[in-house]
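Below are two complexes that have subunit A in common, paired first with subunit B and then with subunit C.
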Partner chain A sequence: MNIAIASGKGGTGKTTVSLALAETLGSRARLLDCDVEEPNCHLFLDAEPIRREEVQISVPEFDRERCTDCGACARVCNFHAIAALGKKKILFFPELCHSCGGCLPACPSGAIREVMHRIGRLEFRRAAGFELVTGVVDVGYPMAVPVIRDLKKQALSDKTNLFDSPPGTACPMVATVRGADYVLLVTEPTPFGLHDLELACDTLEALNLRCGVIVNRADGHGGEVENFCRGRDIPILMEIPFSRKIAEGYSSGKRLLECAPELKLEFERLLAEIGVK
Partner chain B sequence: MKEILIISGKGGAGKTSLCAAFAVLAGKSVLVDCDVDASDLHLLLKPEVRETHPFFAGLLPEIGKEGCTRCGKCMDVCRFGAVGADRAGFPVIDENACEGCGVCASHCPAEVIHMKPRSCGEWYESETARGTMFHAKLWPGGENSGKLVAEIRRAARACAGNSGADRILLDGPPGIGCPVISAMTGVDLAVIVTEPTVSGFHDLDRTVRLARQFEVECAVILNKADLNREVAGRVRSYCEEKELRFLGEIPFDPLFSQALREGKTLADYPDSAPGRKIAELWRAVE
Partner chain C sequence: MKIALTSRGRSLDVLLDTRFGRAPYFVVYDTVSKETEAVENIQNLNAVQGAGIQAATTVAKTGAEAVISGHCGPKAFRVLQAAGIKVYLSGGALTGTEALRRFEAGDLKPIDTADVEGHWA
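Now for the complex of A and B:
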């Protein structure tokens, strides 16, 4: 079973919830940190990677001998990753390339072949009783989606895979939640939290995905979130109370269940409720 | 004219709260919300939309059933798994997976696939009590957020030029991906808001590395500063070591959430501790 943890707004507690779920499930869980621009799960585990893998995409390489300056490759590229400047001078911008392979057959002289280009890495860790695989996009490479796609191949069919999503509702979030059996939306009882929760719900509705809500930093101001969820028929599965102790623990790299172990029962109940065995 | 971007790497560090407060303190400015897929600045600045512009970017295939031989070539060549089949075997595009490369169209032997401009969202030019504001809405799951940011920044620059505003204030998106790069390139100063948490510190470093790649000057504000003295100390030493301007800090204060609920900015509470602190920080930014 695959469960994605998303939110719309950043900083609502996706990573906190992901780690707590993984810790509750223990060896039955595999946590994939899909916030590859700013991955944070590993900061809460005292463990060095046991293995690293490069993430690569295929990009074109140009054989200047065979090139006839026709410019067909540049014309066919919808992402403007190739500029043909004449005199066999071709400029290629790997950060714009989507690896679609469109330029290869477009070249009449067979001057293009594909080579691998590094854009990030995966890191594998084991700690607190579960496995964590982290995707990390290289700083300066603009596209998170290819790293997320590669990372999600690490999901295992005999585990409960937890996908910790990046914030927002754009393509990196969609790439993360696709294929999930259930999406947990973490929100906070503020107008920002509610507004972005609505956006996230719209996105999941368009993707036809089931979801439920966790209210983090609950402080008695959650009425509007409750009204919204009732109106959309989305269950509120759990509340995590606002507590300075939890916030301070988080700041120093302590997991939620280290600061508030009594919440483990709540997470067990939540997992049972959404059908995780 | 100066462009000042408020950014953080990590979400929830306080970018929008600070940006809205700065907008109140700044006087005549043009405002831009670069967080185009989960924008929140409008909740505090309450813009009145004056113009709505469609945003088209990239392409989407349109498949004509007439003439389609159901050969399946389009499904074979698509590297994004974006071409499926309906019950009758006709190709169907999964818009959320399609990246608009056009490879399906160029391989279609029946030539029934045509690439059409793709509607990805819309952007708005609005009036607020604090100046003209440019903001946008990317459709759910939308692509090309970087282009949308570039488009509203272009409009904001033109507006600032025409109106004689001496400053553009930009509220940045989280992360370090394409919309962040697009929001960051060419600004005069990136103010990085961070918090003394292991996540905030980690994300600060990646944001600084990105800014340095694009040769953007940056300065740091430490929010929720008293949450963790040890990590706060590490953030300050990091700034010294990297020769980053440390603008100052704001203590952890429930007024942040209270202001949000009341639909106000922190600058609307000038006599509160965070209100005074923010006025001080704005003078440092200027």
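Now for the complex of A and C:
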């Protein structure tokens, strides 16, 4: 089963919830940190990677001997990643390439082959009783989605896979939640949390994904969030209390269940409620 | 020698467009025949990415050996450089005619690196 943890707004507690769920499930969990531009799950674990893998995309390589200067490769490229200037001068911009492979069959002289180009890495860790796989996009590469796609291939069919999503509702978030059996939306009882929760709910509705809400830093002022959820028929599955104990622990890099172990029962109940065995 | 000027219109009488990749026209001036030719770049105005690369390829196809524009980003510059085209910056809002006069007087100097980041406008 695949569960995505998303929010819309940044800083609501996606990572906090993801780590607590992973810790609750223990060896049954595999946590994938899909916030590949700024992954942070590992910062809460005292563990070095036990393995690293490169993330690569396929990009064209040009054989100048075979090239006939026809320019078909540049014309077919919708992403303008190829400039064909004649006299066998071909410039290629890998950061613009979407690995569609369209230039290969477009070349009438077979002068293009695919080679692998590194765009990021995966790091594998084991700590606090579960497995964590972190995606990291290389500095200078502008697209997070190919790294997220590669990372999600690390989901295991015999585990509960937890996808810790990047904030927002754009491509990286969509790439993360796509294919999830359930999406947990973490929000906070503020106008900003509610505003972005609405955006996230709209996005999930368009993707036809089931979701429920966790209210973090709940302080008894969550009426607006409750009204919104009731109106949209979205369950509020849990509230994490606004507490100095939790905030102090977080500020020194402690996980939620280290600061408030009593919440583990709540997470067990939540997992049962959304159908995790 | 042909010189391509990034332009808001089809003639040397209108103001230059200070953008390179997303200028609507290139007015190509031939210093020998004194004739001008307008080349559309409108297909690049709404390109999601790679407008500079496409525009530079278009300029290369005209046979121009120099470009006069307001600015030039890194990818466009790389393509122009590979095509052996020198890039001159107009240094302000000039018409094509004024820019050419300054160019021919030697007031414009070729740049050896992009002067702005991509998507600067």
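Operating definition for what follows: the second predicted complex is superposed on the first by the 277 of 277 C-alpha atoms of A that agree within 3 Å, B and C clash if a C-alpha of one lies under 4 Å from a C-alpha of the other, contacts with A are read in each partner's own complex, and residues count from 1 in each chain.
Just so we're on the same page, contacts are C-beta pairs under 8 Å (C-beta built on N, C-alpha and C of every residue); 3 or more make two chains touch, one makes a residue touch a chain.
Everything numeric here is computed off the predicted structure, so don't read it as measured data.
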- Task: Please indicate which partner A:Arg178 is in contact with in the superposed arrangement: first for subunit B, second for subunit C, both, or neither.
- Result: first
- More residues of subunit A are touched by which partner: subunit B or subunit C? B
- Message: Contacts for A:Gly86 in the overlay, against subunit B (first) and subunit C (second): which applies, first, second, both or neither?
- Response: second
- Who does A:Ala74 touch here: subunit B (first), subunit C (second), both, or neither? second
- Query: Residue overlap on subunit A between the subunit B contact set and the subunit C contact set?
  - Reply: 79
- Item | List of subunit C residues in touch with subunit A within their complex | 47-51, 53-54, 56-57, 60, 75, 78-79, 82-83
- Query: Which of the residues in subunit A come into contact with subunit B in the complex?
  - Reply: 8-12, 15, 35, 37-38, 40, 43-44, 76, 78-79, 98-102, 105-106, 137, 139-140, 142-144, 166-174, 178, 190-192, 195-196, 199-200, 202-203, 206-207, 219, 221, 247-248, 250-253
- Message: Could you list, by residue number, the parts of subunit A that touch subunit C in their complex?
- Response: 74, 79-81, 83-86, 89, 91, 93, 96
- Message: Show me the residue ranges of subunit B that touch subunit A in the complex, using the header's touch definition.
- Response: 9-13, 16, 35-38, 40, 43, 58-59, 77, 79-80, 96-97, 99-103, 106-107, 115, 138, 140-143, 145-146, 173-181, 195-199, 202-203, 206, 209-210, 213, 227-228, 230-231, 252, 257, 260-261, 263
